[in-house]
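Here it is, the structure in full.
For reference, chains read A, B, C and D in written order, and residue numbers begin at 1 within each chain.
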Amino acid sequence: MFSAKLALKTNSEHQTTIKISEGVSVGGKDLLIIAGPCAVESLEQMEQVARHLAAAPVQMLRGGVYKPRTSPYAFQGLGDAGLKILDAVRQRYNIPVVTEVMAIAQIESIVAHADMLQIGSRNMQNFDLLKAVGKTNKPVMLKRGLAATIEEFIFAAEYILSHGNPNVILCERGIRSFDNYTRNVLDLGAVVALKQLTHLPIVVDPSHAAGKRELVAALARAAVAAGADGLMIECHPQPEKSVSDARQALALQEMVELVHSLRSVAAAVGRHVPIVEPQRQLAVA
Amino acid sequence: MFSAKLALKTNSEHQTTIKISEGVSVGGKDLLIIAGPCAVESLEQMEQVARHLAAAPVQMLRGGVYKPRTSPYAFQGLGDAGLKILDAVRQRYNIPVVTEVMAIAQIESIVAHADMLQIGSRNMQNFDLLKAVGKTNKPVMLKRGLAATIEEFIFAAEYILSHGNPNVILCERGIRSFDNYTRNVLDLGAVVALKQLTHLPIVVDPSHAAGKRELVAALARAAVAAGADGLMIECHPQPEKSVSDARQALALQEMVELVHSLRSVAAAVGRHVPIVEPQRQLAVA
Amino acid sequence: MFSAKLALKTNSEHQTTIKISEGVSVGGKDLLIIAGPCAVESLEQMEQVARHLAAAPVQMLRGGVYKPRTSPYAFQGLGDAGLKILDAVRQRYNIPVVTEVMAIAQIESIVAHADMLQIGSRNMQNFDLLKAVGKTNKPVMLKRGLAATIEEFIFAAEYILSHGNPNVILCERGIRSFDNYTRNVLDLGAVVALKQLTHLPIVVDPSHAAGKRELVAALARAAVAAGADGLMIECHPQPEKSVSDARQALALQEMVELVHSLRSVAAAVGRHVPIVEPQRQLAVA
Amino acid sequence: MFSAKLALKTNSEHQTTIKISEGVSVGGKDLLIIAGPCAVESLEQMEQVARHLAAAPVQMLRGGVYKPRTSPYAFQGLGDAGLKILDAVRQRYNIPVVTEVMAIAQIESIVAHADMLQIGSRNMQNFDLLKAVGKTNKPVMLKRGLAATIEEFIFAAEYILSHGNPNVILCERGIRSFDNYTRNVLDLGAVVALKQLTHLPIVVDPSHAAGKRELVAALARAAVAAGADGLMIECHPQPEKSVSDARQALALQEMVELVHSLRSVAAAVGRHVPIVEPQRQLAVA
């Protein structure tokens, strides 16, 4: 692990802040709250999400357009059409967006239409993809593999960093275990360790860890208390109708309430949930 | 899991508060903070701990006298002599104590000299021991097994409850995983799930999960934010000289600072870290 | 691990053979085949098993009388009455028997009525129980814990050995993993490693590992090829009516066929499946 | 799992045999033995391996030229130069070769110069890569992911099959667990299950599972006894000088001895280790 020169802290105060768009960054005092559906399903859906969450406030939208699905027969995402929807909503509501890149061939268009690239858990050690996003300078959110050690996770980030892109955000999203009451085990010990080892911002995704919506809010608060720099949470206008991961998505109003509940926890550990920016409020109104 | 009638909530508000000693209980608004060394080593050691932590404040002391050790050649605890030390400190400083019971033959004397029995992880499914402590009415803190599912954990509690003892406290202490940077993976998702499923108080032990002292404080704060009813944390007058688990014990002053840092996190989720009771301050002074 | 002096080989040829009863031993060239139901249910059941398996041949019968069950409301075994059934069958058919000991209080009667004590997975680190069986000189079959490392397994054996009992047999029975198609993952790599590290005989239980009867025979053959000294397999006169673990029990005829299929595999790795002894044939006839 | 139409058996006799090159196939009565170094290091190295193993006999050579390495600073393979070495040896010794494909851009040249494509564990759910190799008709050996369930493994194969390539071979190579004495846990229960569920040939890689060369031979024999259709084993002219995975590679002579020891195990389960073909012997001589 200790040969991962670029990912590791040079001293205990070393902490990188990454700018994602005008007024939105991650790694500083402000928490980054990312929310949205598992998959982009339609323009109407994404507009509903954007309008409802602007006041949460949520600083960034998520929505998958290329979807890594266990079965080849499951919905694979809207693809390019989904990316256009995402970009339209991003511009209309002046809110940055993140979406997953699954293949080198998708990088160029996602870089053009989104503010952050997500490397999913299944691709954490898709080294050619890591090298390729390392040659862009877009922020990259790298999700931890389902059974990746902390060392492997740091080295995966190092692949991106060493190819020239300094804008890497780590994302803990739960690891595989023997129990199946929760979908995965959220490893906040890894978050605490990573905050001490690396200078990179760390976002926590409690939705994929929990796999059950009723567990998400408490885990989100725990993640903030553990020192996470941000959260990524799945929510949907009609969770039970979500085309994927329906069981773990919050309703939009639950998402708003969750953000409210985070304020005092964030304050307790010296962090801050940013309030909505005037220009975005304008866009929504 | 759903045949574990006694352990499960009858409605969403159902929550049990267990009284441990005069003025000390767990499961209510007040968090229960338990601290102390892995093993009782001497009267001097335990008095140092008690004096230093009274003002933390810590509500309860821990200290193992019968120690479950991987190797038969490792220090097995002071046994009965250790139990007497624990009882002496408990009386002098007017502070309740918890210690591990490893065998049925030890129950009677531990019941006489301590305020809470601990069933360790390795004995979570030692069903004859569970039945035997179920026939006492001492509070029992049941630690989750190293690879126990949530269902198995609830049923282990049900063994105690169904034998007549309603005073069961669950303790999450980390589960086995593939990574070895942390000693175990603290499963706060299980804590959130257990708070929803059962009415029993839940204590979190971040020390055994982390295995590294520098990770303990942030995990303790995360546990409180997740909804834990209490914490059990290892600390030692000279951590590096601890006869066991030296790597994970906090120094006493670090323990005091940790408790202080918990106040605002507790408040953020509607909980409270109790202040020291006058009678104990008197005892210490 | 390397301080486990008594369990480890002193040189690469060091191998212990343990005598279980007249003509039955484990650790030598002959494989030890143990078979029988998860639980002793009735005298008729056990007689049916003994009669049918004598010609398999099976060298030893298993049958639980004290049963470690996840739920306190599940069948807990016939207890002492079951032990008497086991002893009656053992004498009538002149076949040794093994049964699980869950508590120190049960040791005396099991020692009197059975030929081998089994320590179950859940009690692998019930150190007081290990010490107590270490003070007998009955053969003890120690099953690996659900998430026990090889080091912990060896040290658990060392607890028994260091208390005076040299007759320890290790049993690999599958470990916990993230997949649930099989009940546990049979760890034959551990069997190979243990054969190299220790001089103790090693028995493999493919039934609890597989959890599905259709997987048992092939895993049994693999275990023999890996170098196991014996097998323990669940079978039942009417598997689907077994009071516990019904899904993994073989029918008696399947058990006979399995033993037949083992002969050539055993021979391929220099081992031997013993033929039935005349005196037992006599007993059955 | 049961929607994976193309990968699943239509009846219990359904078994696919895949032809790899003239006289070499997998899935029939003959076992496929693949051997060679972790990485292609030089022409001399590969020629030494080919000459030595022809008489083993080994039917196929392995050698990585594009290497997925945890650290970006570790040796990444010889790349195209390595592929040319592999092709030269393949032609000179008339022996088919397999090498790993890590990226879509490498498919064309590997298809031209090798007989089988390997998808590594880290790419088992790199769905775009699976789709791309699904559009070729080269045999593809798909290695199970480090923490992939049996269901996910079958669906990954289904991605390849459903894109038009019927020549998929599954490879079990060990899964992540809590123990670190072995590198991974070889899951032969999964091999048995997969043989029952799918009609695809299954190869076992005991080298990556064991991680220690002294465990490889016994695990290889166990895999054959469990019903595997082939083995892939790492070996090297000077194991201790291997640029990667040095600890798990067999010496060439050990490899030859291992193959010899497999003959009787194979015969015991109705399989066969093919003898060396005259034309290859000629090539070597």
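Here is the rule we go by: contacts are C-beta pairs under 8 Å (C-beta built on N, C-alpha and C of every residue); 3 or more make two chains touch, one makes a residue touch a chain.
For clarity, every value in this text was computed on a predicted model and none was experimentally measured.
Starting from the Cα centroid of chain C, hunt down the chain whose centroid lies farthest away.
Using the mean of the C-alpha atoms as each chain's centre, the farthest one from chain C is A.
Report the inter-centroid distance (CA atoms only) between chain B and chain C in whole Å.
36
CA centre of chain A versus CA centre of chain C: separation in Å?
That pair's centroid distance is 49 Å.
Where in chain A do residues touch at least two different other chains?
In chain A, 147, 151, 176-178, 180 touch at least two other chains.
If each protein chain is taken as a node and each touching pair as an edge, is the resulting graph a line, ring, star, complete or other?
Chain contacts: complete, every pair touches.
Inside the complex, what are the residues of chain D that reach chain B?
Answer in residue numbers: 147, 176-178, 180.
Which of the residues in chain A end up touching chain D in this complex?
3-4, 68-73, 102-105, 122-123, 125-129, 131, 145-147, 151-152, 155, 158-159, 162-163, 176
Please give the residue numbers of chain A that touch chain B in the complex, ascending.
These residues of chain A touch chain B: 147, 149-151, 174-175, 177-182, 185-190, 192-193, 195-196, 209-210, 212, 214-215, 218-219, 221-227, 264-265, 267-269.
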